[in-house]
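You will see subunit A twice below: alongside subunit B first, and alongside subunit C after that.
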Partner chain A sequence: MNEPELLFSFFSKLNALTGGFFLLCAFGLVAIRQMLTCLRLYIFQSLLLAVSAILIGYHYASIHLFVVAALTIITKVFLIPWVLRQSVGYDSFSKREISQVLNIPTTLLLSAAITIFAYYIASPLLTAAGAGIFEKVNLPIGMASLLIGAYTVTVRREAVPQLLGILAMENGAFFAGISIAPSLPLIAELAAAFYVLITVLVIGLLAMRIHTIIAKTAVGKLMALREE
Partner chain B sequence: MELVCILIISLLAAVLSLVPVGRRFAPAVTVLGMLAVFLLSLRVALATTQEGAFIAVKDYLECNSFSALILVLVAFVGLTAALFSWGYLGTTVAATDDRKIRRYYSRFNLFLLALLAVPILSHLALVWIAVELTTLMSVFLVSFESTPQALEGAWKYAVLTCMGASLALLGILILCWGLRLTGPAPLTWDNLIAAAPKIPPALLGTGFLFILIGFGTKVGLVPLHTWIPEAYSQAPSPICAILSGTETSAVLYCIIRFLPMFSGGVGPSMAGTWFIVFGLISSGAAAFLMLHTKDYKRLFAFSTVEHMGIILVAAGLGGFSAHFGAMLQIVTHSVTKSLCFFAAGATLLATGTRNIPAIRGLIRISPLAGVFLMVAGLGIAGAPPFAVFLSEISILKAGIANGQYLVIGLLALFIGIAFFSIMYQINHMVFGNPEIILMDDKSVQFGRAIIPKRIILPVTCIIALLITVIPVILFGFYLPKQLYQLLHNAAASLGGM
Partner chain C sequence: MINKIIFNLIQVIVVMAFAPLIKGILARLKENVQSKRGPSIFQPYRDIWKLFHKDEVVSDQSSWIFRLTPFVVFITPIFVTLLIPVLTDYPLFFAFMGDMLGGGFILALGGFFATLAAIDTGNPYGPMGASRTRMVGFLAEPVFMIVFFTVSFIAGSTIPYIVQKHWVTPLANFFEPAHILMLLAFLMLILAETGKIPVDNPSGHFELAMIDESKGLEYSGRGAALMKWGGAMKFFVLCCIFLNVLVAPWGLAHGNELGNVLLAVPLILIKIFIFLLVLVAIESSLAKLRLFRITEFLGAAFVTSVAAMIIGLFFM
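This part shows the complex of A and B:
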């Protein structure tokens, strides 16, 4: 085996490892009750996204994906936690969420089922497109993280974990995106980073307002408006 | 150039609205800005009827007839909503709270900026961002009244549509993957449609489904519609008019524009079948939900869900005449639904309650609000002289000509139930004796006793109502030649000639 091939095999394995940890973070976000830990998991997940972008970027020799990695680190590792703490306030993070809609083992089992489902949807796409090794790792894991994120939003009752669930969904979409669509124009990448920041700001401020007016952030229990 | 101007004007208006010079400055700037945007969008629309496409920046800012149609609608409803806001906020916000008014207009303009960008942009990734920005820019408009219910409505709106956003993003990325397999090209509507036959069907179908579900949350397709009644019942009425009249249509435009990718076979394509399924479920569920709702703004919210369903079914039926019906329905729904929410706003000003059982004899409490509510109710339900009647009939006719009797039968049934539901509720409010006060325990705080005399509606509200009622009646029996041409081109752009 000569040197480029060795490097490629090393990178693809490293990428698979990154993908595994990425999926694990999605599982953590749905199950862990300590909010500060949830936030740290999200930051770690974003770092893994950046690592994967660098690996794939090196393989395709695409400067583009390096920019994605840099933007991810700047916005998701530094700016978003800062904005969240500014808008929601630190005391919301030091709390534990007591009640969830489902208990933790059931939640984890359902998440595992969702992951299998994601592989099930992704496999016809991978064969139809004749995908390479990176797509085979990133697409199903990104999809699984997206769907688990959606599940997180529906089972968590506190505002901050719901927001983190939305952000994890977006992370999942991008994790798939860096492998399948590495050629998005730069303006779209910049706009997406900007969009994520605005999302955090708007939803964070809204959560804070709910906190000050209704004096709690357990948004899952708001029942004033209901379907007739 | 006009397209760039439209975006710059609304951005400028957003900044200028924040300048603290008097209470009248911000609304005046907004109305003037929207008027300019409306005139420019008319110019763009006229240009597309003659040349087919209007290109400002290749691959980024482009307009075809369909997008020009949406652009004109957004600008029209934006203009009337700005006028209506002037009077509405003048009476509902405390006289000392100028800052709140300035913030309202600034957000109003930013919201419209995002909404105007949706039809103008042609790069799919940017379209996606514009669609999501419309949510984020309008969240604080929905929660404007800062009551617990308003905050709850805004929270559901933000969380559900942001979830949808990520799903749609993955769909767009999958389509981008498919496009990359056929060769390097920017991800624009035209390139995608041109390359569609060469993209593997698995990618095309999966990508489209993700987008349909993702954007479908924002359009309010059942079962993803749960935020719609919450947000619409709590937002200020002019914002409801924009949300319901144009935001849903603009997002629906994004979904329908994928339709030509699937043309080729005979009868409804794969996308068309999904459209019909989702459309029928939405219009059916909404028609029944309307029957026993107790809040007239929720009534109109469910009616929005119903109309989105009708438009989707029409788009899914396939064939030029059904597509033409869908385009006409988008136009008539936009103008009529904005009239509905303006009339609802006027009713709210006159009675102080959103509760249907608590209102009797509106026509005597405030004749103007009563008449407009009746006209709006008849209009949106699809009674004969009004515009919605014409568009619904043309859809049903097209479906029968296609031979899809089951779909059309169900659709006609749902339209009938919806007609009955709306008229039953509106009749109850408009007629009867206002002296008999019917209140349930929830609405005690809004008792009619609080209102000592007849409320005189603000002048700008009346102007907005009058401007909106013109197309609602006029389009029922006469379509101007240019509009006909625009609708014709838009329907033709969907294929199926």
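This part shows the complex of A and C:
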């Protein structure tokens, strides 16, 4: 094998490795009980997204993807955790037992099933598009992360992990997006990054209000409206 | 031909000779991390020596299973040693007698007999530990299976000598996502199978909380020595499978001469030492899980291995 080919094979493997860890982070977000660990996992997942964007950006020589990586690192690794900590407060983050609707092994098995489903629905798309090695990794894993994120929102009972589920969905969508549309208009990415930040701020403030009123953030158990 | 048989026997001798040392080093390192001096690294040898010179007491209520079990526990890791690469990177005489799955089954046979023996005497703590071990065991079994299926799928074989070559030819294979995820799953599996901290506390002396240790409580004298030695060898063999076949297939002997093979002995010991450092870091930084949280731990291992399989399947 000559030099560029070797580099390409190395890059594609590295990208696949990133994809593997990305998927594991999605699993962790749905199953881990400590709130702080969940947040760290989300940060790690965002970092992986940035790494993947850099690798694919290098391959397609696309400046957009480098911008995506930079934006991801700035908003998701630094700003979002900071905003969340500021708005929700330390009390909710030091919580070690997040209650769940289903127990953890069931949740994990369902997530594995969701992953297989994601691969199942992604495979016709991949064969139709004649996909390259990057799409083969990113599209199904991004889709799986999207679906698992949605599942996280349904299965968690606490506000902040639910929010992290939404953010994981967004991460998954981007992870799939950077591979199939490497030259997405920059304005879309900027908008998305800003959008996410505002979402986090709003939901964080809401969670804090809930916390000050009912002294917990287990929104899954709030079933009925009551007049005050 | 005769060379290969001799090397195979050397492998067995290496495993028998150094297994207690590994156990001693691990115990010492753990104590050092807790800023204690800890026992000498040769303490397991002294324990085994002492136990061999003591009288053996066997309950007259027990059956032949109780008497046979120490030998089974002692013999099974030796059989597995014949199948796996400990020192050489080319197949030896017995290498094609069984694959990794076969090795797993042989190790499971030892565990099975240990469980039976724990129930045999009717001591109250034995069956409790035995049933817990079974619980961990049957949760770990699917992970084992899926890891081996993934290995055989990616590398095209389950013979460990062929598998280990696959990861480094070319080197990019090493970074295959399925490989890395599988390593994670297998590491969690080793923690569960050998009773390390997130699952079980190997240095605990409280019978009610024991999982793995309580199976050997009834043994004394020679039986206890064989059980101890067998347990140490099982750990050594699992380390060899993990390190030589899955993680770092470097440093094994290429050549056919005796010198090459003997040079591989310190190298494998260094590799295991590095692995022990990782293990000590894990064991010292985590707390033991409550019994019903073990399902979550092994569920995570299972999902990791399934993810490895899925990615391996579609990445091809």
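Methods note: the second predicted complex is superposed on the first by the 223 of 228 C-alpha atoms of A that agree within 3 Å, B and C clash if a C-alpha of one lies under 4 Å from a C-alpha of the other, contacts with A are read in each partner's own complex, and residues count from 1 in each chain.
As a convention for this text, a contact is a pair of C-beta atoms (placed from the backbone, for glycine too) under 8 Å apart; a residue touches a chain by one contact, two chains touch by 3 or more.
Fair warning: this is a prediction, and the values are worked out from it, not measured in the lab.
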{"item": "Touched partner set for A:Ser9, first subunit B, second subunit C, both or neither", "value": "second"}
{"item": "Partner chain in contact with A:Gly20 - subunit B first, subunit C second, else both or neither", "value": "second"}
{"item": "Which of subunit B and subunit C A:Ser111 touches, first, second, both or neither", "value": "second"}
{"item": "First (subunit B), second (subunit C), both or neither touched by A:Leu186", "value": "neither"}
{"item": "Which partner reaches more residues of subunit A (counting touched residues only), subunit B or subunit C", "value": "B"}
{"item": "Subunit C to subunit A touching residues, read off their complex", "value": "170, 172-173, 175-178, 180-181, 184, 295-296, 299-300, 302-304, 306-308, 310-311, 313-315"}
{"item": "Touching residues (chain side subunit B, partner subunit A) in the complex", "value": "123, 125-126, 129, 132-133, 136, 139-140, 143, 146, 148-149, 151-155, 158-159, 162-163, 165-167, 169-170, 173-174, 176-178, 180-181, 184, 186-187, 200-203, 206, 226, 229-230, 233-234, 289, 292-294, 298"}
{"item": "Of subunit A, residues touching subunit B in the complex", "value": "121, 124-125, 127-129, 142-143, 146, 149-150, 153, 159, 162, 166, 169-170, 172-174, 176-177, 180-181, 183-185, 187-188, 191-192, 195, 198-199, 202-203, 205-207, 209-210, 213-214, 219, 222, 224-225, 227-228"}
{"item": "Touching residues (chain side subunit A, partner subunit C) in the complex", "value": "1, 6, 9-10, 13-14, 16-21, 23-24, 27, 31, 104-105, 108-109, 111-112, 115-116, 119, 123, 136-137, 140-141"}
